[in-house]
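Both complexes below contain chain A, partnered by chain B and then by chain C.
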Partner chain A sequence: MAIVACTWHPLTAIENAARDGVTYRPDVAVVPTKCTGVVTVAFLLKLFAKGLEGVLVLGCADGDCHYYNGGERCKAIVEEAREILEISGIPKQRLGFQQVANSTSEEFDKALKSYLKQVKHLNIGRNRVASGSRR
Partner chain B sequence: MPRKACGNGVRQPKVGVILCGCGPDMARLVNLESLARSIKADRRVGLVASGSYSCSKTEIEKVGAAIARHKLDRVVVAGSSERLFGRLFRTELGRFGIDPSLVGFADILSLSALVRGASEATVTAKALGLVRAAVARLAAASRLETVETSIRPVCAVFGGGTTGISAAVALASRGVKVILIEQRAELGGMVRDLNVVYPSYLPSQEFVEARRQELAAAGIEVITETSPVAVKGHVGDFEIELAGGARVSAGAIIVATGASLLVPEGLFGYGQNPRVVTQMDLEDILKRGDDPGRSIVMIQCAGSRNEGRPYCSRVCCTASIVNTIFIKQKYPDAKITVLSRGFAEYAGDLDKARQMGVEIIRYSPERPPRVTERTVEVYDEISEMETRIPFDLVVLAVAMVPSESTKALAKMLKMPTDAFGFMIEPHLKIRPEEAVPRGIFVAGCAHWPATITESIVQAYSAASRAFNLITAGKVTRTVLAAQIDAEYCRGCGRCAEACQHGAIDLVVDEDGLKRAELVPIACTGCGVCVSVCPSGAATLGAPASAGSAATTAMLDALAEV
Partner chain C sequence: MLREAVDKTKAYYCLDCGICTGSCPVSRYDPRYSPRLTVERALILGEKDVVCDPEIWSCLTCGTCNQRCPSTVDYTAFLRAARAEARQLGETGLCTHAEKIEAYLELQMLPTYRRPASWLGRGPKTRKRSDTYYFPGCLAFLGVIFREIGFEGNAIGRAAVELLNHLGIVPAIGDTEVCCGHDAYWTGEVDRVRDLAKRNVAAIKRTGAKRVVFSCPECYYMFRQVYPDLVGNLGFEPVFILNLLAERLADAKAGGLGLKTLEAKVTYQDPCRLAKYDRVIAEPRALLGAIPGLELVEMKRTARDALCCGSSSWVSCSRVNKRIQVERLTEALATGAGTLVTACPKCNIHLRCAMRDQDVGGSLEITDLVVLLARSMAAESAGG
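After this line comes the complex of A and B, so read on.
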């Protein structure tokens, strides 16, 4: 799975998580983006087209954007992409969006755990092993 | 901003990779040798320089020599994060002719190596993905030119109230030319309408007159009875068109257009009962020297701290208390009752008013006071009793709302506002008193109800920020800014609408076609224009395909895990 992370709070939180020794699944690819306000529906869908089973977008909290309203913009974009996923027969829960309120590792841990809970029944990352398919 | 061709235009630029071990840590977790080999296998990579402390002076010198030998113009630093080492590597590599915009980072330490629970092979593959992604992105990137604009050494201040005057005087005393624009005929803003000001109890006229003299002494140009109707340009060079046709040029703008007061139509009988007035009406009565009556009931929080307007207007507690004291001093036999929902902690002279015999009753929003013809009925929260108070005058402390000019300016300057119409800063802590567009500053009640003291402090803060900008003489921008390719732009204007920084103008070219034009100096590189552009004309540093290639490279490497 991939995490699309804004370079401000979320990416810093991920960096801190690594330094604080927070354990999380190793098959997570972090895709840094300058601000989640740049993310487009097409980009998110492309990630799924490339065979990813889960994508979590991490933005900054409302009113906390370094530019203006990246997190809020992204919320709407993710919602739109989720609708298209649903139409395409991909469970929309696979595309997650969480807002990270600060740069601490706890915030990242919380956001990732809450996403994984939401997709628990979908066995993300285990399907590939089971079917032996290559992405 | 023209894009420079990379290299000689034929040869694909080669990327140098600095592979740092970040001390002994990484070597334990990542197979650095195999990683270096895999990186080298990429045909876009011209050099892999491994080291264990690449951020050290000696190793950078070594790398610099290798860069010169390989004639590289772009470098990926694979090791720790850009946040921690970006500035160091950009500065140091700059000495060897590497442009800061052509230094990329792959944070293999915290995005791969330090993630616990993975095997060495997994970690190494992930690290490779991160490096390949950075290489793919950088190989397609183009050098960004430094944009520079000079700052006109003039500051325009909108609003001649306490805030505007304070900011103007602060700037002028530092030698900056200031032009103050006031909508009304007289300066002084809301304070001018008050009777006395806290804490000096000086007549407000004296306060305003003192400030006006400071203004005159500082030689500030004051334009009254007009307001801006259009603001064009960008940081350093704003063109302001005033109602009536006059034009003003300025390098920076301070917005101090303040707030106005809610007209409490229908609240507590206001509008129907002539004995129900607002606190500002009372100020007027007292200023004229009229008798307000011997039995006065004040109702606090009229129209604020409710569902529609949940905020506190901050000044009314103090204003009401000051008026009770003023009345008590003049008419000791006056009976004054203040119905409050709890006083703000900073409300001045509350104890003094109590000692002078002002009665305070606490009410709750669930059981608000009811105003009849000559009595107010209220449920006292403390004694838990229903009370009936006869009155000569009921005074409402009404909510502060954004002034019409503040609302108009917010629209004109593309300034974000909160749900109530007050202007908001992009970030309260990182950029206080600044507006989203660069070169514009906000102070006083235009961005939140503020007391006189707070307004003055904010005015000084805005003035010092404007001063820093103006004395710098110029603004430069070397960081990532967006680019708009005129050939692909179809002039739909979505980017201009989405841009909160005023960095995109929609212009009509010689063929009569609409076209988006970037104002690089105002651009923050947030990339929102890129995401809304339907034709791919707006890009950020590298073409969109480079970002896609980078993501693919990373995901391909991950698939090997």
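After this line comes the complex of A and C, so read on.
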């Protein structure tokens, strides 16, 4: 699975998690983005088309965007991508969106755990969804 | 090779008269694009000159040039070959709508691809196996990405199935059918179209259908005119829903369609695939005429001379395309109609978009003919 993380709070939180020795599943690729407000629907869909089973988008909290309203914008983008996944036979829970309030490792841990709980029944990583390129 | 396309489309018959360029809606606003010059350059300067020209992606493939060419050159087929050639060299048009359409196509190629039947809602009756198959195309997807401009894809699909139910037909609906490949075909991706065609034909054959009903002119065009060349005999008959309805309307014994009063003044936009490629011109007009209380006022240019909705195949949406759309909407407004009826989801989307963000000096409701017919059938007979 992949985590698409904004380079402000979320990516710093992931880096802090690494520094603090927080462990998480090994099959996660972190994709940094300048702001989750500029992630496109097509980009998220193409991650699934390449064969990924889960994608978690990590944005900053509402009103906490370094630019203007990245987190709020991302909600609409993720919502549209989810609807398209749904009509393509991919459960929409596979695409998660969480907002982190600050750059602490606990915030990242909380966000990832909450996403993994939401997709627990989908067995991410245990079944091969597609023959597309995999990490 | 483009040489082959020149032979096949009889491009060498070109008399250099320029009727194509004079008729071309794109050339009117974009003087850099000229069908006549494109053909001439291919004949004189060789294929490389044409294939690498970014202007070949400006063509709407509306077919007005084909209609009017005195030498019957099939210009759009020639252009399609040039695009296929350009693809081989790595050239493409500009992908519109932030590549969402491309991404959806990639999702459809996954082995897990399934479209849940829930998109159609509860009302319309469908079956797993039936003599008739309803092919909705990408209505569900378009409904999602164009919701912001008020386009309801699912409503068109629902109306189409309701109309079929009304005729006593309970169609089969599949969950593994994919895109018809119309846009890939016109942008030169021949291999991809063959792949899509095989998957669609296999999905339809599984339901045991003898005929396939379409509500999108582009899907109908692909199944009727392109698929037989790609995958051989289909084993079923492609039927456009308006033809089926018009047939029933003309059949007095069957009791017509039971259309009820709908007070409105409407005008009709002929979709290019329907009017220029498949010659479905009289049927939509007969159906509109059959709705009591409805007045049809024609635009200045109609049927085979109708102006295209201004964009196609999801390539190139520029200032030029917007100006074509504004020109068409102005023409529609001049009729005094309050509703613009069309039979193609793409016309619906493109004209809606222009209606929303361009200044056209008025407002029109834009709707699909099947939606209008379903509304008329469901209307209360007392007063409408």
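Keep this in mind: the second predicted complex is superposed on the first by the 128 of 135 C-alpha atoms of A that agree within 3 Å, B and C clash if a C-alpha of one lies under 4 Å from a C-alpha of the other, contacts with A are read in each partner's own complex, and residues count from 1 in each chain.
Here is the rule we use: a residue touches a chain if its C-beta (ideal position, glycine included) is under 8 Å from a C-beta of that chain, and two chains touch if they have at least 3 such contacts.
Predicted model, so just to flag it, every value in this text is computed and none were measured.
With both structures placed on the common chain, the touch criterion links A:27 to chain B but leaves chain C unconnected.
Of the two partner chains placed around the shared chain by superposition, neither chain B nor chain C is touched by A:116. For chain A, the partner touching the most residues, choosing from chain B and chain C, is B.
Once chain A of one complex is fitted onto chain A of the other, the partner contacts of A:40 extend to both chain B and chain C. In the superposition on chain A, A:13 contacts neither chain B nor chain C. Contact with chain C, but none with chain B, is seen for A:49 once the two complexes are overlaid on the shared chain. Looking at the shared chain after the overlay, A:86 reaches chain C, while chain B stays out of its contact range. Shared contact residues of chain A with chain B and chain C: 40, 43, 46, 51.
Here chain B touches chain A in the complex through residues 81-83, 107, 109-111, 113-119, 122-123, 126, 129, 133, 416, 426-427, 430, 436, 480, 500-501, 524-528, 530-531, 540, 548, 551-552, 554-555, 558-559, 561, going by the rule given at the top.
If you check the complex, the residues on chain A that touch chain B are 2, 7, 11-12, 14-15, 17-19, 21-31, 34-35, 37-40, 43, 46-47, 50-52, 64-70, 73, 77, 134-135. If you check the complex, the residues on chain A that touch chain C are 40-43, 45-46, 48-49, 51, 80, 83-90, 129-132. Chain C contributes residues 98-100, 102-104, 106-116, 119, 140-141, 144-145, 175 to its touches with chain A in the complex.
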